[in-house]
Amino acid sequence: MAMKKFINKVEDVEEEMTEGLAKAYPDQLEKLDYGTIICRKNKKANDKVALVSGGGSGHEPAHAGFVGEGMLDAAVAGTVYTSPTPDAILEGIHAVKTDAGVLLVVKNYTGDVMNFELAEEMANDEGIKTVHVVSNDDVAVENSSFTVGRRGVAGTLFIHKCAGAKAEAGGTLEEVQAVAQKVIDNVRSMGAAIKPCTVPAAGKPGFELAEDEMEVGIGIHGEPGVHREKIKTANETADILLDKILADIDYTGHEVALMVNGSGATPLMELYIINNHVQDVLKSKGIKVYRTFVGNYMTSIDMAGFSLSLLRLDDELKTLLDAKADTPAWKEFGC
Amino acid sequence: MTDQKKVLEIVEKIIAKIEEEKEYLTELDQPIGDSDHGINMARGFQEVEKKMPSLDGKDIGSILKTVGMTLMSKVGGASGPLYGSAFMKAGLKMAGKTEMDINDFLTCLDTAIEAIQKLGKAQVGEATMIDAMVPADEAMKKAVESGADDKAVLEAGSKAAWAGAEHTKDLVATKGRASYVGERGLGHQDPGATSFSYILEVISENV
Amino acid sequence: MAMKKFINKVEDVEEEMTEGLAKAYPDQLEKLDYGTIICRKNKKANDKVALVSGGGSGHEPAHAGFVGEGMLDAAVAGTVYTSPTPDAILEGIHAVKTDAGVLLVVKNYTGDVMNFELAEEMANDEGIKTVHVVSNDDVAVENSSFTVGRRGVAGTLFIHKCAGAKAEAGGTLEEVQAVAQKVIDNVRSMGAAIKPCTVPAAGKPGFELAEDEMEVGIGIHGEPGVHREKIKTANETADILLDKILADIDYTGHEVALMVNGSGATPLMELYIINNHVQDVLKSKGIKVYRTFVGNYMTSIDMAGFSLSLLRLDDELKTLLDAKADTPAWKEFGC
Amino acid sequence: MTDQKKVLEIVEKIIAKIEEEKEYLTELDQPIGDSDHGINMARGFQEVEKKMPSLDGKDIGSILKTVGMTLMSKVGGASGPLYGSAFMKAGLKMAGKTEMDINDFLTCLDTAIEAIQKLGKAQVGEATMIDAMVPADEAMKKAVESGADDKAVLEAGSKAAWAGAEHTKDLVATKGRASYVGERGLGHQDPGATSFSYILEVISENV
């Protein structure tokens, strides 16, 4: 049976996709010959910190769509849903490293953490000042000292944005890392899905959902969530996620950035409907939304689902969030 | 126990076995992970396959190191660095050697376990490949002490690995992607423990 | 059976969606009380031409996502897949009209054309200088004097962009209309789909496709296309569309803008893969791509499909294409 | 033939009929259009329903005009302005009148056809609602000429409308959304011709 995807050969998906992105913006982006790595074409000044992120493919536009001025310098893509390997990450570091140092932004998955840490070790061995942060914003997964902790999901993009702006503004490696950590400490996310995703190499959906079921707390790789239940309305579903997020951090009286993120196959129509409700709920709770981002930022191939992310802001983060970012997929409207 | 040529033969057999069990290993990764363990392992070992011609006549250390580096740079995910560093570190122990006896093999396995634990920080009982590796290692050491021949030692190891893999069904994972599902992971066998069991099984059947 | 959508009540979809968009950008956009109409909050100077477009809902981000500086002044949304009514269009005109006049950008569907023309007539009766253009870029449908002509699809967005820039630059109503017509004369599109879309009010897919079938030449409302065939690779499918487009206008030796547009449920992964091939083909044919746009611009709710649009550029259109546009969904990267 | 009160009764029946046939009309719009004709019409007539209380005691012209304006502002798509202007223009002809005879009715229908053709530019044979309206109009005129009573006239009209709707199956559409499918539209009945036939049927059954 033919898979219902516009692809060519399964084993060429990652290569062709990164090529296709680079070809869309030939003056701004380049794809390295080694691996599926996208870099800024205009390299950063040597006295500014470079940012490298990455992870498995399948989350487009993350992460390569956020390469550009004010965000990432390089994005290293693994095969679909699989962390890139240390040699590829090191290659990305090599391509954009500066004297000011390199910050690696890693999502908290065992594979990602190990591969990035190995690359970091090799980079440091070569004398490249390299540090990393680990994003873990998904409140669906309990954080306990006996487990690997929460997963990194869509909130990671706020790290790219704020730490990227800090680096562009000339922050030191320590300062840029501190901003990244501040975002991590203040951002929480959770998602739900109604239709599964199909990894091209697998050829069939990674999980199954009955016609009237949804998975609450779904991971961005289609990992099972917190529980399964009957489909609810958009508003009720948003409430479930929001309740979990708000229980984890008290946002009351704070200004926040809100991201209503689509999983890849969710129409903007639905994301706007969700946003309509979330804005009302936050308002009623005394949480002021400083900026809203609605769209596909951290997807799960062709999964139909969405996640909500809330970032608690202070003056520094507000300034960094509003700073210019010129990348394929980050859109600041009206800043 | 085995010479350089035999090691290459066994590597070929492992490559074939992983390819054969690719779908099964991927299926095991579905309920508790992200449905890719078989795909990952097969991608890595297919790449090892390409390196085979260049390994003709090389010492066992070089062979293991090449296997490790290839897995490290082609598998990705959690299993890539784990298996990658396991083979690489074992390769260091066998540097320059063209013959390997059962004690060398156990040294390699000890080294591999150490490498995996250094990176992954998993202990026995966390429902990972460690739960196949450690019991296998212990069973083989016991067999050696009791004077069993190489074949019997490896068979004891393989049996213990499979028992360990089976036992992961009763464990709640606290490491790796499987830890996200918590109790929902009960009843499901760990894919990494399973892939290790296949590898040891192939070795025991071919020595 | 529950529909697999994140919505609340079917009859509230259009209202909640436009509310949700306006709430995402409270400083930039407002939703009118009458109907589902989105307008710029900062009204244009009286000596600049205002642009009003619209059509049925279900094509998000079109058209409301293109309201903002340098593009549309108002977007009037009908119910899903149904043209807005004359009174609503007139309301949109009222909200943004200027002394310089109003250009209506209409997609060529009998319903849209009639409703917009009726509104135009009413506006002109009230003394509001109003003209309209009709986009008809879809080469899937034969253009003959015996039929209603080609359909307006994703190429319409290049009208919003170029005519919007011309208006922002102070062009007269005639000049802005002339730019819009120039885009219409030089843009061609065609699409294909592998999975149907579900209109919320219908509750089930508007058409059916077998597991190994695709519809070539599909319309943006899920209207049947040119023919149905077995699914092909991404490259082969892109070739079919491209051949039809290139047969209609000779782009050889010209510079073009390319849009690789997703239908709503198509992952960016696939759009990039398609772009990878289209860029190669255009290059081999001596067609230079001046700018590329890859993403969801004119969707069909949750249809999985894509369209290609090619706009032949001259110096004026290049300048207008690159001019600043600050809207939720238009993203110029690296201009 | 009918007074103001009867007109309101018939409008109520039309509202009910359209609601009843909503799914069927939408289904007809699927193979050749965009699956919304029934949804569009029902949305419009439900809105007319809300206006009914305000129409009590109004003259027939006002009633028809209100129905037309409501359809115009609530249906959208192609059928909205077409049916909208048809009722509105017919309303102009009946301005101030509280009684309507068969000739008035035919004047209204002539006016409606004219309004629809002015907007939509469709001739007979292009597979639109016109292909039900014109034959119905002609059949009723012939029946009046032959001296048939009102009931018989309307029945002849209804029969001719349905025959016209049926006949759209043999036509290749050249107007409206159905024109995009060309020959593939053969065998499919036009939704607008069908909705008109239901409306005339309701009138003929209730006068």
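So that you can tell them apart, the chains are marked A, B, C and D in the order they are listed, and the count of residues begins at 1 in each.
The working rule: a residue touches a chain if its C-beta (ideal position, glycine included) is under 8 Å from a C-beta of that chain, and two chains touch if they have at least 3 such contacts.
Note that the coordinates shown come from a computational prediction; the quantities given were computed from them, not determined experimentally.
On a Cα centroid basis, the chain most remote from subunit B in this structure is D.
With centres defined as mean CA coordinates, subunit D is found 54 Å away from subunit A.
Distance from the subunit C centre to the subunit D centre is 32 Å, each centre being the mean of its Cα atoms. The geometric centre of subunit B is 76 Å away from that of subunit D, both derived from CA atoms. Of all residues in subunit B, none touches 2 or more other chains. With chains as nodes and touching pairs as edges, the resulting graph is an open line. The chain pairs satisfying the stated touch condition come to A-B, A-C, C-D. In the complex of the two chains, the subunit B residues touching subunit A come out as 26, 30-36, 39-40, 43, 72-82, 85, 119-120, 174-177, 179-182, 184.
Residue ranges on subunit A touching subunit B, taken from their complex, read 56, 78-88, 109-111, 114-115, 118, 141-142, 146-148, 151, 199, 201-202, 206-207, 219, 221-224. Subunit C meets subunit A in the complex at residues 1-2, 4-8, 13, 16-21, 23-25, 27-28, 57-58, 60-61, 65, 68, 194-195, 211-212, 230-231, 233-235, 237, 260, 264-277, 279, 292-294, 296, 299, 301-302, 304, 306, 326-329, 331, 333-334.
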